[in-house]
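In the two complexes that follow, subunit A is the common piece, with subunit B as its partner first and subunit C second.
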Partner chain A sequence: MSKNGPLALAYHTLFVTFMLAPILVVCWVAFTPEGFLSFPTDNWSLRWFYAIARYPEFVSAFWRSLWLGALSSAIAVAVSVPAALAIARYRFPGREAMTTLFMSPLMIPHIVLGIAFLRFFTQIGLGGTFVGLVLAHIVIVLPFALRLTLASAIGLDRAIEHAAVSLGASEWVVLRRITLPLVLPGLASGWALAFINSFDEVTMTVFIAAPGTETLPVRMFLYIQDNIDPLVTSVSACVIAITVAALVVMDRAYGLEKLLVGRGVDGR
Partner chain B sequence: MGAVAVRAAPYLLSLPALLLFAGVVVAPLVMTVLLSFHDWGQYKGIEPVFILKNWKEVLTDSYFHEMFWRTFRIAFFVTLLAALFGAPEAYILNRMRSPWRGLFLLVILGPLLISVVARTLGWALLFGGNSGLVNKALMSAGLISAPLPFMFTETGVVVALAHVLMPYMVLAVWAALQRLDPQIENAAVALGAGPFTVLRRIVLPQVMPGILSGAIIVFALAASAFATPAIIGGRRLKVASTLAYDEFLNTLNWPLGAAVAVLLLVALVAIVVGASRLVERRYAQVFG
Partner chain C sequence: MAFLTLDKLTKKFGTHLAVDGLSLEVEKGEFIALLGPSGCGKTTTLQMIAGFVDPTAGAIRLEGRDLLAIKPAKRGLGIVFQSYALFPHMTVAENVAFGLEMQGVAATERAKRVAETLELVGLGAFAARFPRQMSGGQQQRVALARALVIRPNILLLDEPLSNLDAKLREEMQIELRQIQRTVGTTTILVTHDQAEAMALSDRIVVMNQGRAEQIGPPHEAYERPATPFVANFLGKTNLVNGTTVRPEKISFSTSGLAGKVRTRIFQGNHWLYQIDTDSGLVTVIRQNTGETMPAEGAVVHLVWAPSP
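Our next item is the complex of A and B:
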């Protein structure tokens, strides 16, 4: 493979600058000592990070996002595992249609899902509730959980299970001692990817969250709609720091490329 | 296990997911389509009747025409920028050596997982008025003589959205490049082809399916994007998603908002399915 020339490297530098600039700028402004938006040059201050603690809406929204992400991702994984086993191991009428249905939240714009959930939850009396948020988030993160559980279910060596059965293990023991431990890495990364997607979701959630059930991105979005001040940059800087930390861990543990490119049945 | 049990097994295994999707995806979507045919009035609220009023308004009113035209124009330019800049970067990335390759892949794909609100906030800060950093950089580079307006303009929305969706394009082209056989490139060089001929005649035709599938993803996501156009475009520069949001949470005319959303969904599904078919048919002949 040939090397990149100086022109290619110059282009690459510009491109990386473009990708990182808005993220770095947010973190930079967050350290301003001033009461207004400015780029600190010689004076740095943590005052806007301390200020987050005095704004309980952000703090409670953060914890809510954390719980919502953890819970909905766990349920999405739990629902995905049997479905992934069915899709990976059986050939049955409706298999393709079912897979398409489970992957459809990736295809349907979140703005449409948000509207549909708002109408639906208002009608059945779950409007603005945490239960509604969990149900909606399970559905939108399920494709990510399913994609990774499916990849590990397809990659599973059935000979190990057959060996266990021939040694006298019952079906339940095979599932608990052989199948689940083998697909566990896939489940863990599926949960992690689902969690990040739930934690970042704003477009759909903005429709179904009420003032008492706002998630962190929704609170940030609504705050920015009114005004942009250093407080929202310090909150964003914290979110960025948490995401980057999770990203590095996931990259070390599983490989970001594999996580994002995936290897589902339909190649998505 | 009996034969019936074996035949029922996959359905039983998928039952939880199927029930969930029937209840929480299919039912709400059907209800939204029905909602778009309901009537609405300032004082009477939503009336569950079956009329075509909202659809007539959305399909004939020039305000909606302009708004949908703007939505798809923005999506088109975002796709164009992503393809133009993302595809070469994926190629450069693919030619890098081991530690750099992984590192920069992480740097470029990583933003995909960072909150879109935080990324858009970054662009709002960079654009910020006439003294924004982007204008300062462009002016000191001699590219422009007077500050360009980015905030609350289509240009600003396009640039920010191109940034937000760029990783999808790089990812799609990257995936296509992984399937490329480097021996073909080497063969072309051995036969005397220059670097540009290799790019144009060997690499580009082979990664074209990747660029096109990336373009379809980016277009669909750009046309339905919400947070970025809402923050950068502000309240006046309306696209389909921000208009639907307004109808639902400010005007409270839910049936009209539902009609806008359903129309956006139908248009996008038609465009995505149509484009995918075209790409598949075009490249089925090439790759068999």
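Our next item is the complex of A and C:
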């Protein structure tokens, strides 16, 4: 491994500082005893963490975001598998169009999607419902799920499936015992990336969520419109803590690089 | 009746004729090599027997039954792929057991046959390993064991040794031949390596542009090639005064075709000569017996026995 020169080292330090600074500042401010966003602060207090307990809608919004992310990502991955296998293996009319269609949510501004979904869901009676949120989130996370599922489907050696067939496996057995286990790392990465995007989404969701179906980012967004107290920073600090804990657990259990890069079981 | 019959087997990809009316009869227990350059149709032929490619025309019969009417999963063939195609998420034992599991063989019987077959390929101690923890040669043996354990009607080998280095390849050739003799499974090998085809098979099918140029025992095909293509593909040849003669059949003498040594290359067990003669450039291979050999620039005379 080659060593970094002083210039590269300085650049990396700057870059990491730039990336981490906002997170650190938010966490710091969360511990203020003041009634407003103050930084730097001389005294420490858990006041704003206790304050979360007085706003149960933040806690319920957190769980809603978690379920919404988990569910919409799982459905997006489930839809991605047959699509990815078809795109990776076969040349058929409409293949390019299908790929573009699945990827198109990446290119449409979320605010446009938000207005469109608001109109559409109101029309069909799904306005402000959790089902509506799930459907809209499936659309925006699908490109992430498909991208990584596709990468692992393309990397799959067809001969491995042919070998299973020659040994007497039916198509269903090949899918269950060979194909799915081999693309599983890609599915896990796709799900993780989709989940992160769903959990983070506010621009579109703010249009389609109603009181009672607000996600955490939407709840926070609406809160800071009316308040200037540091409650959102303590909520943010909690989310950051949970994220870091989850990353540590995943890294220990599975290897973070594998998860986010989507490497296969045999390192391919 | 032959064990396996290919009857005017033809495959067209678009306008390209990949396999052009190939007919072949294979006896039970025979080791056949489909030999030819890339694009000659040998792999397509193998894939049609395996069922991964459907023929455009022609028939394949196994003991008189129409093989094309049977789904690939029901053909009972053992296949060793060029990339080995082992299941990376399963151990060696699980890989080998997979086919037996599909046949519904009971667990105890399964374990016994897996152990026997791993023993046969010399991997008895490796059952619990994963493919990625093994060398190329070992993975190759696992692939062979996985194909053999189901007691296949036919063993299909698709360039099985081409990913191994030269020394290991030679060892595996000897071993593969011994194993095939032991189990007696009818075997079809696809290869572009003429030495491998000749070393392993009972009969060679030399293929070119989708057709069989010659079908016969290796020695016969080498000594009496049916076409110039076969002669060239199976080894070095000289065309002297309208007749073809193998370089190792030519020897130095005091009289005969006169020439001058242009280059002399020492290759351990033999010498390779390029000699300028009135009939053109002649390649000569002489075994290294330890005697002093003509040097570059020397004038020599060449003699050879007329070909049979």
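FYI, the second predicted complex is superposed on the first by the 219 of 268 C-alpha atoms of A that agree within 3 Å, B and C clash if a C-alpha of one lies under 4 Å from a C-alpha of the other, contacts with A are read in each partner's own complex, and residues count from 1 in each chain.
Definition applied: contacts are C-beta pairs under 8 Å (C-beta built on N, C-alpha and C of every residue); 3 or more make two chains touch, one makes a residue touch a chain.
What you are looking at is a predicted structure, and each value in this text was computed from that prediction instead of being measured.
Shared-chain residue A:Ile178: touches subunit C; no touch with subunit B. When the two complexes are overlaid on their common chain A, residue A:Leu101 makes contact with subunit B while staying clear of subunit C. Applying the stated contact rule after C-alpha superposition, one finds that A:Ser170 touches subunit C and leaves subunit B untouched.
Within the superposed three-chain model, A:Ala153 lies out of touch with both subunit B and subunit C [touch as defined at top].
By the touch criterion stated above, A:His162 is placed in contact with subunit C alone, subunit B being left untouched.
Counting residues of subunit A touched by each partner, subunit B versus subunit C, the larger count belongs to B. In the superposition on chain A, A:Ser236 contacts subunit B only, with no contact to subunit C. By the touch criterion defined above, A:Leu133 reaches neither subunit B nor subunit C. Within subunit A, no residue touches subunit B in one complex and subunit C in the other. On subunit A, the positions that touch subunit C within their shared complex are 157, 159-160, 162-170, 173, 177-178, 181-182, 264-267. Per the touch definition, subunit C reaches subunit A in the complex via residues 50-52, 72-79, 81-83, 85-89, 98-99, 102-103, 130-132, 143, 146-147, 150.
Listed in rising order, the residues of subunit A touching subunit B in the complex are 1-4, 8-9, 11-12, 15-16, 18-26, 29, 37, 39, 79-80, 82-83, 85-87, 89-90, 92, 95, 98, 101-102, 104-105, 107-113, 115-120, 123, 135-136, 138-139, 142, 146, 196, 199-200, 202-203, 206-207, 217, 220-221, 224-225, 228, 232-233, 236, 239-240, 243-244, 246-248, 251, 256-257, 260-261. Against subunit A, the residues of subunit B that register as touching in their complex are 7, 9-11, 13-18, 20-21, 24-25, 27-29, 31-32, 35, 85, 88-89, 92-93, 95-96, 102, 104-126, 128, 133, 160, 163, 166, 171, 174-175, 182, 195, 220, 223-227, 230-231, 240-241, 244-245, 248-249, 254, 257-258, 261-262, 264-265, 268-269, 272.
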